[in-house]
């Protein structure tokens, strides 16, 4: 290395490097700045560090609003490290997760409207158990339904700096596929709910959100025990 | 970086780097070799990697027969972040401080006598930690108890030139800080006398304090209006 | 993930092409129950079915023929019915709605009422198909990302960053003085005993009223019997209460009469007329 430790810029780079290596979770830029002289351009230093590591075995990435190192994605499989075995998500769960991620905060009813089908109770449970979604307060409409959004560990798991970094987010917004529907909402939905009693043979859990909220801790434990 | 991922040597370096980064404990050379083509000179690669990191914020070191990254020794101490947390003094501590200020030098037993309640050990410690009180020698009586008084920084913090600047009882009364016994004091008084002895076992903050706290807001507001 | 089932429904085209194959398929399917070509279980609801069918048109969703799609769906459902598959209500509702949409699309002139036109409904359906397709693709892209603990790894043994919290205590001179003042006044009041309140007792009132007995043939208000110096404040109220209680006592003894014309109205007192008193 050509850097000499006396150069303040190189010194700051070393400190950032050490800090991010030592931290168990991503470190926010403000927290990095706290440890450096006031006039330090932390953003520029981070960019320089990211550049330095771009070709290496570990990369500097922004995750959940903070900076951290991660192994290069192409190397992962060759590390033969113990990996956490994840059960593959069902198609329903993947779709539901995507809808929650892109449309958050979103109610169960809205998810069902997008998918055109009722959500089985297990789907939300699975995503909760994985720690990827969390309740985001209630919608102030009739019935005050719970809304869902993604958690910080969702961002960690999928390596996202923030929700806006979701793949294709901008295009979907531009295409009007996220947010309020630009056209008359399908009347079919109201019709469907009128006919719904036919479906009452096997009704959904009455208010699964509430159950999930109330028992969240328990449910996870219970769920874990099942598998 | 001059390394290109297609160069087998650079590729091996990247893999070692990622492996040592992600491993929970130091990795032995043999274990590294297992993940690389047979003819790889792991020792030479490790030396190269150690050289690369020698000037940086983390160093590649050999610990207990295995290789791992560690924070550069000179940087370690600088990672420590001191944060000052603003803390309000408890009511008991403020009152104890006030008694020390007015009655110094004063022993713990005397403070307790004045307050009519025992002082928990933490109260004196907190005031010491805040730097507002200091021991002022021993009282030449049985047991030679330590006496307490206020410090220089107490005067600074409260903007006092000297202790004599503290307003006297008459002035406190005039300022409304010592009030007439409230009309409903019958309840409060009986509680006080009943609670105080029973309270001797458990320290500090019995319910009368809470009552007083509840009134505190009012008092402050009142005071603000006066001035 | 039901890739297999989806592929079957997507790819074969059995579902959408003529209905003949199903006729033949009925018998073996009923017999073995294993050769179902129309497998509703592979779908995530009617919109998902529609989306699969729409892909068979091999055009961008915005250019899809809703009419054709409706036909495909209806054929799909009738095929499933012929196979005597159990069809969830959702699917049947969608079939009914599509049949309705079809009729609206085929009607030459718009309905007179303010219902949305067939074209509006078709557009709404197209939007819903696009939105679900977008979410299906988004889900796939999400799952294709390198995942933590599987494809990428965090530092295995983070050394940790020490965070030293230094307390800085806050207190103002005002708080200090107030605490001292309150402490002192509390200490003072601790030795104080509540003085007995000066209150007008019933005995006092009884004595006072007795003096008037026999000397008040006319109704007079209770208030007029109160001692002149005890008509206000707490003691005034105690005088009213005591005098009233005393008057009740005297009424009980037959030595006084009470009258009140209305609730909360003034209370009047008088000595009982001689004749009544004797009875």
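Letters A, B and C mark the chains in the order given here, with residues in each chain numbered from 1 onward.
Heads up, the rule we're going with is that a contact is a pair of C-beta atoms (placed from the backbone, for glycine too) under 8 Å apart; a residue touches a chain by one contact, two chains touch by 3 or more.
Because the structure is predicted, anything quoted here is derived from the model rather than measured.
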Message: Need the graph distance between subunit A and subunit B over the touch network, please.
response: 1
Field: Chain with minimal offset from the mean of all protein Cα atoms
entry: A
From subunit C, the most remote chain by mean C-alpha position: B
Centre-of-Cα separation between subunit B and subunit A, whole angstrom: 35
- request: Could you put a whole-Å number on the gap between the CA centroids of subunit B and subunit C?
  value: 42
Statement: When centres are defined as mean Cα positions, the distance from subunit A to subunit C in whole Å is 28
- request: Could you list the positions in subunit A whose residues touch two or more of the other chains?
  value: 19, 21-22, 69, 71-72, 76, 79, 81
Message: By the touch rule stated above, which residues of subunit C touch at least two different other chains?
response: 153-155, 159, 161
Statement: In their shared complex, subunit A is touched by residues of subunit B numbered 1, 3-5, 10, 13-19, 21-23, 35, 52, 54-58, 69, 71-72, 74-76, 78-79, 81
Statement: subunit C residues touching subunit A in their complex are 1-2, 6, 44-48, 88-90, 92-94, 97, 116, 120-121, 123-125, 127-128, 130-132, 134-143, 145-155, 158-161
Query: Where on subunit B is subunit C touching in the complex?
result: 18, 21-25, 68, 70-71, 79-89, 91, 93-95, 97-99, 101-102, 114-116, 126, 129-130, 132, 157-160, 166-167, 169, 172-173, 175, 177-181, 185-186, 188-189, 192-193, 212, 219-220, 223
- line: So, in the complex, the side of subunit C touching subunit B is made of residues 153-157, 159, 161-190, 192-194
